[in-house]
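Multiple structures are listed underneath, in structure tokens.
Paired with chain B in one complex and with chain C in the other, chain A is shared by the two complexes that follow.
Up next, the complex of A and B:
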């Protein structure tokens, strides 16, 4: 079944939650709903599930209007960010609950329960109550209940966000495998660009209730349509600095460099350049621009160091591999390959993506 | 060197708080003991009286029961006007508890989950029922129940009590229900549960302690209420609280018999508290008790 949203919007007490959403969701595909908090991800998922009604626009399934179909008779599964299970049912009964409601035969139910429990590695806990499981197991149970449904539309609202790092990695890997086998529509909401990149599928970027770009995550990362997408689809946000393109120079603040070759010929005037924080190198390399300035703040994040510094009259962020002792107030020089620069027009539209393909994560 | 210097005064200081702690413990234990003694003494006294003949009750001030006998209890369990009083009282208390819960559960769910026109006003209005003393409602209830033929039945007292118990029940249950995340309701809806089935099989077990606490309060109000029970019954449905007070005024003072009836009236309350004590503790932690 194909779900089509046409100009769907939702207002609550005058506040706009969703606006002008046009989407086509096709079976067997994975859609990653990406956006910052309050971008409208949960609102969109709830509208898709039928829990909230769109206040404008149409939502159809194979051409039939979905608005009239009551939630219990829709073929939808929903996994929340919180671990939502039926606390008075055993693990096995939790997985079986939606199947029983759909009137499946006892053999079919037990077959599916054992099958799904094995896939999420809960087969030895079938008789326990959800309260006796760890957080990761509880979320796996919620996912198992959604999988057992074999619903044609599966909605995941940041399902991994309340889990610790190790569990997340493992469970994300499991989910990707599970999604690959299915014929259903999977919609998976996340706030992390990294997760969108790892999940694959089609990424839909939401911002303030609107779809600002959609396509494969890699493509969104390489060719963000606007400075807005570039800055939200990057963690930490992409450096966006006003610049000026001249006949054979590019002026970034007080810095003037030879015009990079990937800027389309004939283009001149005010613009903004974008630079991924991880593309700022600590080490010198031939042909690199030197961003010389002063350290403001350094944060160490496990394996890399975030260096906030000023150069060419603007603040920058660099993400440098490894742990470095960088002290505020000392001199700092970042080295940037000019081919790594994105160029956005003054209104934010992408003019030239970075010329370097390379690995997405530096 | 410095380590030793700092250690010595620290050790001296350690003993002082310990001594005050012991003294405080003795003090609080004494206070608690006195309190329990005052609480238990009347109960002991009624048990003592219930085991004595009327004559001995009036003449012997001994601490222990004099010539203990179970005659008083024997009278209660053989005389229908006594034991049927218990049956009447238990039946209207049970009716009241069941009706109140049956009404308050859906009402509390509505207040907790939905927004509707005037929801807050209705919630407050429910409470205003409790602000009037039961005596205010004596006359209308008496007239009304006489007119529809409910007078002197357990239903009369049970229904009259629900007026006071339902608001409290709604309020307590609403607190418990609002502690359960809405996502559970929505998940059940998405999973294909109908609302009644979800309510009974998923939701009610989640607020079991709240229901226990609410049932306890319904029971307690109805079990100890005298005024309505006395006005709305005469002979056929007379409860024990009424029988006891009427016996005291008409047939002289059979202190021993009254004491035995009193002991038997305390017992169900103790039993109910025993069963719900864990729920009550949970209720204090979770809801609105």
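Up next, the complex of A and C:
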């Protein structure tokens, strides 16, 4: 079944939560709903689940209007940030709960419970209560209930956000495996670009209730259609600096460099250039632009150093591999391959993506 | 030098020792002292060992007060826990209506015990009280000073009026702490209202209900002021609960030895019952 959203919007007490959403969701595919908090991810998931009705637009399933179908007959599964399980049911009973409602035979239920429990690695905990499980196991149980339902639409609202880093990595990997097997539509909401890149599938970037770009995450990362997408779909955000394209020069603040070859011919005037923080290098290389200036702040995250510095009259962020002692107030020079520069028009639209395309870095 | 510094720590601990000694140990030991002696007058006393304890255990008035007390506490729990949970389910969960409802519900908790007694003593009077006259007007013969049943009904209603709000507040707080996704998940599962209560709300309320049962049991088992003001233990001895019997013995008859033995056993019974309740419910919760 294909779900189609046409110009779907939702207002609550005059406040716009969703607006002009056009989406086609195909079975067997994974869709990552990406956006910052309050971008409308949960609102969209709730509309998809049928918990809220769109206040405008149409939502159809294989051509039939979905608005009229009550929630329980939707065949939807929903996994939340919080670990939601029946507190007085054992793990096995929790997984069986959606099956019981379908009136399956006891053998069939127990066969499916064992099967699903094995897929989420809970088969040895079938008699425990949810309260006796760890956070990761509780969330796996919630996922197991969603799987047992064999819903045609599975919705995940930041399911890994309440887990610690290690568990998150592991469970994300398991989820990708589970999604690959199914014929259902999976919609997975996240606030982390890195997670969108790792999950694969189609990423839908939401901002202030609108879809601003959709496509494979790698493509969104390499070719953000606007400065807005570029800034939200990278962590730390892409450097965006006002610049001016001239006949044979590119002026970035006080800096003037030869016009990079990947800027389309004939283009001139005010623009903004974008630069991924990890494309700023510490070491000198031939042909590189030298961004010379002063360190403002350095943060070390274990394997790399985030250098906040000013150069050419603008603030920049560089993500440099390795741990470096960079002291505020000292001189700093970053080296940038001009082919790594994105160019956005004054209104924010992408004019020229980076020519290097290079490896994606989260 | 070091030794001196170490010893100074005692100055920090001594105030607590003194405080606990004067407000708990000394009074308690006085009672223990009375309970093992027969006191005839100042300076005239005889050690009697556990004689008073034996006598109190055999005393039919104490025995009947004990049974009455247990019946009363069980009825209180049977009425107030379901009532409290029921009302809590009906209260609005958010907005000004919720705040208003909470304030209205909490008012009886702020009324002093003897005022509650006085209110109901007047309210339930068959000849002048609003409640008493109303009941009699329906043709039911209701007089709490004459009929033991009416006296019990009055006391139970009064206690529910006074203390069910505590259960309501606890249950309400428990309900408010259930995350919204549970209700959403239930909607997606197509669960009925009854199923939501049975499989989500009730299990989530276990913890607060344990506390509610414990508090209501302990308080109702120790009840004194309200029945003393309303019925004075009557008619006859039909509402003579343990503490009323105890005060009559200690202050009325001035039988300090037996009353002291009685007090100690009363205290131990409450401790024991609360412990048993708590253990059972804890085991249940851990299950």
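The rule is simple: the second predicted complex is superposed on the first by the 361 of 362 C-alpha atoms of A that agree within 3 Å, B and C clash if a C-alpha of one lies under 4 Å from a C-alpha of the other, contacts with A are read in each partner's own complex, and residues count from 1 in each chain.
Assume contacts are C-beta pairs under 8 Å (C-beta built on N, C-alpha and C of every residue); 3 or more make two chains touch, one makes a residue touch a chain.
This one's a predicted model, so the numbers in the text were calculated from it and none came from an experiment.
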item: Partners on chain A (chain B, chain C) - clash or fit; value: clash
item: Partner chain(s) touched by A:17 [first = chain B, second = chain C, both, neither]; value: neither
item: First (chain B), second (chain C), both or neither touched by A:319; value: neither
item: A:259 touches, of chain B and chain C: first, second, both or neither?; value: neither
item: Partner chain in contact with A:84 - chain B first, chain C second, else both or neither; value: both
item: Partner chain(s) touched by A:102 [first = chain B, second = chain C, both, neither]; value: first
item: Which of chain B and chain C A:129 touches, first, second, both or neither; value: second
item: Overlap of chain C and chain B interfaces on chain A (superposed complexes); value: 49, 51, 71-74, 76-78, 80, 82, 84, 86-89, 97-98, 101
item: Chain B residues within the chain A interface of the complex; value: 181, 183-184, 186-194, 201-202, 205-206
item: Complex contacts: residues of chain C adjacent to chain A; value: 179, 181-182, 184-185, 187-190, 199-200, 202-204, 287
item: Touch list for chain A against partner chain B, complex; value: 49-51, 71-74, 76-78, 80, 82, 84, 86-89, 97-98, 101-102, 145, 149
item: Complex interface listing, chain A residues touching chain C; value: 46, 49, 51, 71-74, 76-78, 80-82, 84, 86-89, 97-98, 101, 129
